[in-house]
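Presented sequentially are two complexes of chain A, the first with chain B as partner and the second with chain C.
Let's turn to the complex of A and B:
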């Protein structure tokens, strides 16, 4: 009995340690964002302090406000999501449902594009975009974001299209509806849920991207992940403000992540399951 | 589809069935091509074209700081690369970084999944909290760790180290500690991924096998070795493959924390290619480094996929 009890206590201890380890850096950033700089720098670290929204006021409405950067992030993420979905939904339907030569190869190609290291994409793209004057533009960033959002969205959507029963489609087709009409009226409504999940993940990935953004951003287009750097320089770190910006950058993705909780494993492993054939 | 062809053919005309089938198949092909065209054009433009252009630029000297020296150099960049000590160091750093982070993620993730699977209450906590790190931008994660966690004295990790009697450490200034730090940060962020995937596949294992094993008086360890591990193998291998690909091209969570430093202590090959191209502005040589990274990626994934097929 006591051995069993010891086991339970050990389990509880281990669980607590891991839950704390994962939650703490995030919680700590939130706490620091509500402190003054001197409270952030206090030693030993302060758990109890007089909370203030000063840091948020400063980063949002002070000089060097990050509102334009948040707006940049929103435009980039929304733009990427719209363009991606417009292209990925039809492509995923074709890959999941239609019969044509080279289908297997097409599916493989979509997967294989993900093998290319992002740094290998951005080097040539930097040269191209520089030549056509698209550095520091939304169209430049959104275009290159398709390189990772499209394969991801296509594969995630294929898995949802494959789940709908074939009969519905045949019935509609027999009734004389055109293929496009069948797709639009019958199929799309069936995969609404899958489309919503895909939108969440595409947005999330675009919001979080950093390498392409850091190379292509400038004074006009600078998402918040890149703008964060302004708060940490060699001379000084603006501690509380940095914490506030971090929290603002984390907020949308944490909300989306928790909303899409049930689908997160599927979203994280998409493609891998199909990659080497079914198991 | 076959029945469709028959019924429609009967109604509309006397045309031979095979002909009508061919027309339908052709229409289906055209429709498929129309649906696929936009996405595939975009993928060609944003992945295949850059790859070809990358290989092309790797045959040039392309120095943005000294344009007058630019020109075609053939395989010179690759010859330089083979005797470039910094390249070999970065390759080694890449392998250490990838190997250790992936091993840690899988081991900790699997252990936790087994532990949580046995829990009667509190699973929900894990399911929610595990989501937090994986949805965050690695750039934000890097910034948080660099400042609030690892800064000397008031950074929590350093605070704990001081109180554990280890003394204050220069976590990001010492080459070895900096490497340990970036490995720990990556492991912190992505272990929940391995945990969630393995927990999901554990939950999908058939219950009755365990019942049988329990009746046979198999020990917990035997059950793990003989039943759980073999059944979980495909999921584990999948996690290893996915995490390896990501770790090899990790960027933001190193760039924001150490930027590859101190010196080149945490400079993985991916970061070297970036620094060469965009900090030192040697685009041609940077391209060659990126091609080398692609080759390394292909070799490693080839080995992993072979492991997946092997029993």
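Let's turn to the complex of A and C:
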């Protein structure tokens, strides 16, 4: 009994430490976003202060409003997600089911692209986009994001498709369905969960991306992750505004995370367990 | 909308790399027949069914349905319905949607689909479950749902791949009888794959017995039981199966463990043979083959005796009230016409 209680206490203590470590930056950002600039810089940090929404008002409706940047982020993330899913679903189905020459190589390629250090390919990507005139355009950024999100989405979806018994498909053929009809009516409804998880991951990756965006975007197309940097300059950093933008940028992520939490956890474990034993 | 349902396999060969799953299979199924493909696992019976369904392509040979060559016809254009061992119900659809699916694919108008679904469900007694999902059904109900989905389309051929193997013993016997009645009332040609000889014996009008990629015998269950073509079939059909005992043939007699038995089967001169004896064909009689009773399996109305005949194990079925004691020595014999002879080298019937 006492040993069991001790274990529970230890578990609680460890969980608390981790929870604090994870929650601290978020709580700190939220607190700072509600402070005035002088309160932010006060030392020792003020835990009790008069909250104000001034920072939010400034970043949303002030001269340097980030609303256009939020819109850019939405267009890039939604665009990337839609194009990725349109290509990844049929590709994952093909990798899971069809027998074709070069399948093994294709499977390896899908994984190999995940191993490249992103910094190593920023310059080539920049040169390619500049040559075709797609720097600072939506299609340019979406295209580059696709090169990461597509392999990832395919890799995640394949394990869901492989979970569907082959007999299910054969039954559909004998019932008179074509391959496309079988995919649409029989297979896809059964991998809805996997598709939802993939959509969430692809969207979040595109939404949070910074490294490529900072190099490949410009004055026309500037996602919020890059725009945030406007509040950091050589002379000073506008901490309250920076925190306010971070909180705003975090909102869709948090909302999606809460809504899809169950699916995400399940999706992660499916990928983890099935990924290793793939045919 | 369907034709007759006559099937012919012509020299079908199926290779999996170097391994021959089917080594030239020939058979014909008559319209309206209940035809069983029987054999142990890995004998090629399921491969045969999959080739007939169009799910696998043969390496060589031709498949004819109603005298039309369908060897390269897509599964969905063959007008064949199939019940899978796993049932393969669509889990995201209700029972009614499952049954309606083949009709939707055939582009039947909605006004015709609904009554057809009800009718098929009523035939297999699941018309009260139409709004459930497959996950909410028992194993037996799932099996019926799969049957309903197969019969709703009135296809010319009805394929069943071990449809009873996932049911418990009692349900299996009930469903077996219902399946036979259903097939008769529909008048449809049925091809039934099973490894259970009892299922094949009770259900089939005729059956093909598969052994390692070949058909060794085609015939009615009675024919196959009475005159098995080979040692392998003799050892597979019947419960318990035929006793197979090495013996010597000398001028119309066989010598088993030093004892002579008369046989009506004949072969040339004097040679080694394998004698086949049905457990139920053995009799206790004076002056026969001496045997010690090792074990008695009492089944109620009959009993199966394990006999030791000078080192050779023989099983015998006796009626209740005629059972000797364990350890007793008895004398057994068989009528000349009940003694089957097989060639030990070719393993075929002599």
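As a working rule, the second predicted complex is superposed on the first by the 243 of 279 C-alpha atoms of A that agree within 3 Å, B and C clash if a C-alpha of one lies under 4 Å from a C-alpha of the other, contacts with A are read in each partner's own complex, and residues count from 1 in each chain.
Convention: a residue touches a chain if its C-beta (ideal position, glycine included) is under 8 Å from a C-beta of that chain, and two chains touch if they have at least 3 such contacts.
Because the structure is predicted, anything quoted here is derived from the model rather than measured.
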Touched partner set for A:174, first chain B, second chain C, both or neither: both
Contacts of A:186 with chain B and chain C, given as first, second, both or neither: second
Touching partner for A:246 - first (chain B), second (chain C), both, neither: first
First, second, both or neither for A:52, with chain B first and chain C second: neither
Which of chain B and chain C A:146 touches, first, second, both or neither: first
Superposition-derived comparison: chain B or chain C, residues of chain A touched: B
Which of chain B and chain C A:137 touches, first, second, both or neither: neither
Which superposed partner A:110 touches (first chain B, second chain C, both, neither): first
Contacts of A:230 with chain B and chain C, given as first, second, both or neither: neither
Chain A residues contacted in one complex by chain B, in the other by chain C: 170, 173-174
Chain C residues touching chain A - in the complex, by the definition given at the top: 53-55, 74-76, 78, 80-82, 84-86, 88, 90-92, 101-102, 105-106, 149, 153
Partner chain B, residues of chain A touching it in the complex: 11, 14-15, 18-19, 21-26, 28-29, 32, 40-45, 86-88, 90-91, 93-95, 98-101, 103, 106, 109-110, 113-121, 123-128, 143-144, 146-147, 150-151, 154, 170, 173-174, 179-180, 204, 207-211, 214-215, 225-226, 228-229, 232, 237, 239, 242-243, 246, 249-250, 253-254, 256-258, 261, 264-265, 268-269, 272-273, 276, 279
Complex interface listing, chain B residues touching chain A: 1, 4, 7, 25, 27-29, 31-36, 38-40, 42-43, 45-51, 53-54, 57, 112, 115-116, 118-119, 122, 125-141, 143-149, 153-154, 156, 159, 188, 192-193, 196-197, 200, 234, 238, 241-242, 245, 248-249, 251-252, 255-256, 270, 273-274, 277-278, 283, 286-287, 290-291, 293-294, 297-298, 301, 305, 308-309
Residue ranges of chain A touching chain C (in the complex, touch as defined): 165, 167-168, 170-178, 181, 185-186, 189-190
